[in-house]
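One structure follows; several queries about it will come next.
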Amino acid sequence: MTTVTWTADEMMTVTAARSLRDGTACFVGIGLPSTAANVASRTHAPDLWMIYESGTLGASPDRLPLSIGDGILAETADTVVSVPEVFNYWLQAGRIDAGFLGAAQIDRYANINTTVIGAYDDPAVRLPGAGGAPEIAASCREVTVIMRHSRRAFVERVDFVTSVGHGTGPGDRERLGLTGAGPVRVITDLGVLEPDPLTRELTLVGVHPGVEAAAVREATGWDLRVSEDLARTPAPTETELSVVRSLTGAA
Amino acid sequence: MTTVTWTADEMMTVTAARSLRDGTACFVGIGLPSTAANVASRTHAPDLWMIYESGTLGASPDRLPLSIGDGILAETADTVVSVPEVFNYWLQAGRIDAGFLGAAQIDRYANINTTVIGAYDDPAVRLPGAGGAPEIAASCREVTVIMRHSRRAFVERVDFVTSVGHGTGPGDRERLGLTGAGPVRVITDLGVLEPDPLTRELTLVGVHPGVEAAAVREATGWDLRVSEDLARTPAPTETELSVVRSLTGAA
Amino acid sequence: MAVPLDEAVRQLIHDGDTVALEGFTHLIPVAAGHEVIRQGLRDLTLVRMTPDIVYDQLIGAGCARKLVFSWGGNPGVGSLHRFRDAVTRSWPVPLEIEEHSHAGMANRYVAGASGLPFAVLRGYSGTDLAGNTPNIRTITCPFTGQELAAVPALNPDVTVIHAQRADAAGNVQLWGITGIQKEAALAADRVLVTVEEVVDELEPVPGQVILPSRVVDAVSVVPGGAAPSYAHGYYERDNAAYRAWDAIGRDREAFTAWLTELTAATGPTATGRAAAGPAAADRAADDPEPAGRGA
Amino acid sequence: MAVPLDEAVRQLIHDGDTVALEGFTHLIPVAAGHEVIRQGLRDLTLVRMTPDIVYDQLIGAGCARKLVFSWGGNPGVGSLHRFRDAVTRSWPVPLEIEEHSHAGMANRYVAGASGLPFAVLRGYSGTDLAGNTPNIRTITCPFTGQELAAVPALNPDVTVIHAQRADAAGNVQLWGITGIQKEAALAADRVLVTVEEVVDELEPVPGQVILPSRVVDAVSVVPGGAAPSYAHGYYERDNAAYRAWDAIGRDREAFTAWLTELTAATGPTATGRAAAGPAAADRAADDPEPAGRGA
């Protein structure tokens, strides 16, 4: 038996990849989401249907794109449509099963901030902004958030709601007219969080190999609840790792 | 010298063709408008830019299409766009200089009926309906109507306003928010009518060779005013007639 | 994924459905319309921007309770006489109508495809369409105060279109004049596509529209399924058949004979024959429709 | 119809204009942006869904008074530091911002291209974008009573895009990822297109968008004019140049040196060199932007 080792980022990517069911239509962002989706399509989900906001529907790139509009996406897509069409005819119309979002900040109710740290009119840090995220969070049937765990990122209340998670708790999404289920899981380099079915508060439901719940609580900026059935993420398989590494160039 | 003879319909078509300035973008309907536009593009207006509502932009068919969506239009067009695009991005956006409309009825103020003769709920005759006409009449910079002259067709008040001409008189188009100038001329098999600059009432401004104003008044269902500067339409040239006949198969 | 047309129609279209068989002169799903007639479907709300002879046939056969449309005619020929007979004399059954302009219908499909409840356009202002159709309202721009027209989204239960090709996975490819088909398909709950052929791989074609298989419920292979309209790259429009329809459609008896022949035949192969009919009849002199259709 | 780029920029873009240099990763009009910098244009309202490094450069050079956008970053690399510096420290001049989501911006262009004053979408609900941008309002569906978002049309004074080809008459052809370019061009009062080449005839290409010459005010031939972004069928994206920009953009001094080099050079041929810069710098560990850009 060989001893397999991996990085926390690889564990995060593999966990995210596993969350994608085969055959689903997935709205993919660049960075970790794109890596995770491409790992999924090369392992258990060959019929994953990847949509990039640049308008490529059914892309199957043979290497990881650096941007959401790389030529490899257009070359391998079932079809390329205009940007208005991808947002109106595909996302807004409710045709996308799964959305992947990153975040600079996320809060107790999985609201997402990618706009500013600090006050909007006088920000400490100006971030890139919304992009497609607000409507991905609103209209995809479900959303997975991928981000590294830290107290700075996991905060009681985001400085700016770029994209709505579960608002201030139960019933908020319905009141706001958001058609999708919103964030159903947050996958980090430490573990997995899911909204409590009743309170919608993010709860730790799984930890990665070698990580203890206390460490996750320590890295979270609110008093993080821990599930009684805390799961332990299975270690990455050699296949998963080799696919991740072939994509990221870390092979 | 040879004696050239022609039919009233040919005179109407040639007059309509002459009204099209070279280089204009023209929204073309099937039938007489299409024939007239194609005559124009083969005579004095080689750079006429013909748009058919099927989405063909810059079509230059080598024969007359029977329908607005014939294959010859797509094959010869600069580009083919979707139907929503032709109506929204081209017509509604005000990019079309000239529109051509036919009519079953037209009234004193050049309002057009292509919907029903009689009451809407219990029509004597059901006609095809609006098609693209209401928005052509609203949004083209100017509109030319082509139709055969008769008391049944030229009525005091149309049974149904499918497309607005000049409403009930001066200021109506502005009040209704219609951006184009509306019908600037009506070309028939007897002559040419134009709205009076002040009253907007259709006035006879020209008669075709061999036609007297009295005959036109007789064929009009209201007390038709006749311009003091009544023009006489120049006879079709041999070139014009040969082009018309080559297109209509009457050569 | 390909299923026989009769099976596809049976599975996807039911009495009382709202059905759009779309096509803008090109690629009209005539064979599918004939199969609807053969299966004796009833109480349909038929939707189409440009109902032409196959809609005249569906209406004459008594399939429709209501027609939602913007221009109903025989392109380049004249009026639809079965449609007229149903509207003015309720034969064979009364036909309710809801009438729009092309711009209004196109934007209704766009809203339907976009998951929006309504669309906004500059349209209808001053016309009698607005007063006769409750589905035309006004809306005020929240920025400029301008008043514009609003129409509700169109979301058919079923949209039927004809396309040139599909692949084995059910991805559909059409090109040439593609009209409103993409929006009509994306607006519908269920989508049936008849195609000229199924190919291994959809070679890209300039001007193509691709409908990914995930928005297509059934593909039926029906070569010639758009005749007497045409399929760009496959066959030409049969203008004579359109002219010939005028005489058949004008006369209840001639139409009934046509209908008997259609329903006696089985399957789409009978389509071409049934649609042809006698030689071209000229437009009658007393036909008061516009000389040009205006648009 | 083709005119040199410097002349086209001089004719079509003026101080104080609202200018959209659009491109969605692909076909970004970088050379045109550099010419705007060289000509020292000021007080521009810059518009773009995805302002990236050429917008960072325009902002750093002091051309912009305001930025209207939905995602401002260096794709796959990180933040735009000249943009940050302008927003948080008003260097070199204060930068007003108006911020939307992609869906909102895309629909604003669609409304602009359609001659409508506003667009309707399902969007912004519950976000802090709505409260911070007066140009996001609500509208009620007149049929269902549903409340939706409304955004005003975007109608730039000038839209600048890069395309693969034009013909001698000025018809423009682009393909691959065509993004929002058609709408951005049709929404604008004036349109400048830089192209890789002018050809005698535009051979149709699958997936093409054609902009007829009547909506194009000037075509300038600038081979490589989209670098370091790419032109499908012509050259690849220079990912190293995007990574390299991070170190230049982070540092006012390094940026000023870059700017001096750019403005010293004349004409678009200098573009490729100027955009390249030193070797790739990794994203600094303290950079708090999202790991994935979300979309």
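The chains carry the letters A, B, C and D, assigned in the order they are written, with residues numbered from 1 in each.
In this text, a residue touches a chain if its C-beta (ideal position, glycine included) is under 8 Å from a C-beta of that chain, and two chains touch if they have at least 3 such contacts.
Only a predicted model underlies this, so the values are computations on that prediction, with no experimental measurement involved.
Considering the contact criterion stated above, the chains in touch with subunit C and with subunit D alike are A, B.
Of the two chain pairs examined here, A-C and B-C, it is B-C that is joined by more C-beta pairs in contact.
Chain centres were defined as the mean of their Cα atoms; on that basis the chain farthest from subunit A turns out to be B.
The distance from the centre of subunit A to the centre of subunit B, each centre being the mean of the chain's C-alpha atoms, comes to 58 Å.
The centroid of the Cα atoms in subunit B and the matching centroid in subunit D are 42 Å apart. For the pair subunit B and subunit C, the distance between mean C-alpha positions equals 27 Å.
Among the residues of subunit A, those touching two or more other chains are numbered 79, 88, 92, 139, 179. Multi-chain contact residues of subunit C (touching two or more other chains) are listed as 115-116, 121-122, 146, 182-183, 207. Judged by the touch criterion defined above, the protein chains form a pattern that is neither an open path, a ring nor a star, and not fully connected either.
Screening every pair of chains for touch gives A-C, A-D, B-C, B-D, C-D. The part of subunit B that touches subunit D in the complex is made up of residues 25, 49, 57-58, 78-79, 88-89, 92-95, 139, 179. Within the complex formed with subunit D, the residues of subunit A that make contact are 27, 29-34, 53-56, 65-71, 73-74, 79-80, 82-84, 87-88, 91-92, 100-104, 112, 114-115, 117, 120, 122-136, 138-139, 146-148, 152-153, 160-164, 167, 172, 176-179. Those residues of subunit D that touch subunit B in the shared complex are 113-116, 171, 182-183, 186, 210, 212, 214-215.
Interface residues of subunit D facing subunit A in the complex, by the touch rule stated above, are 24-26, 49-50, 69-73, 75-77, 79-80, 83-84, 87-88, 99-103, 106-107, 109-110, 121-129, 132, 146-147, 176-180, 182-183, 207, 230, 232, 236-237, 239, 242, 288-295. The residues of subunit D lying in touch with subunit C in their complex are 115-122, 135, 137-139, 141-144, 146, 148, 150, 152, 204-208.
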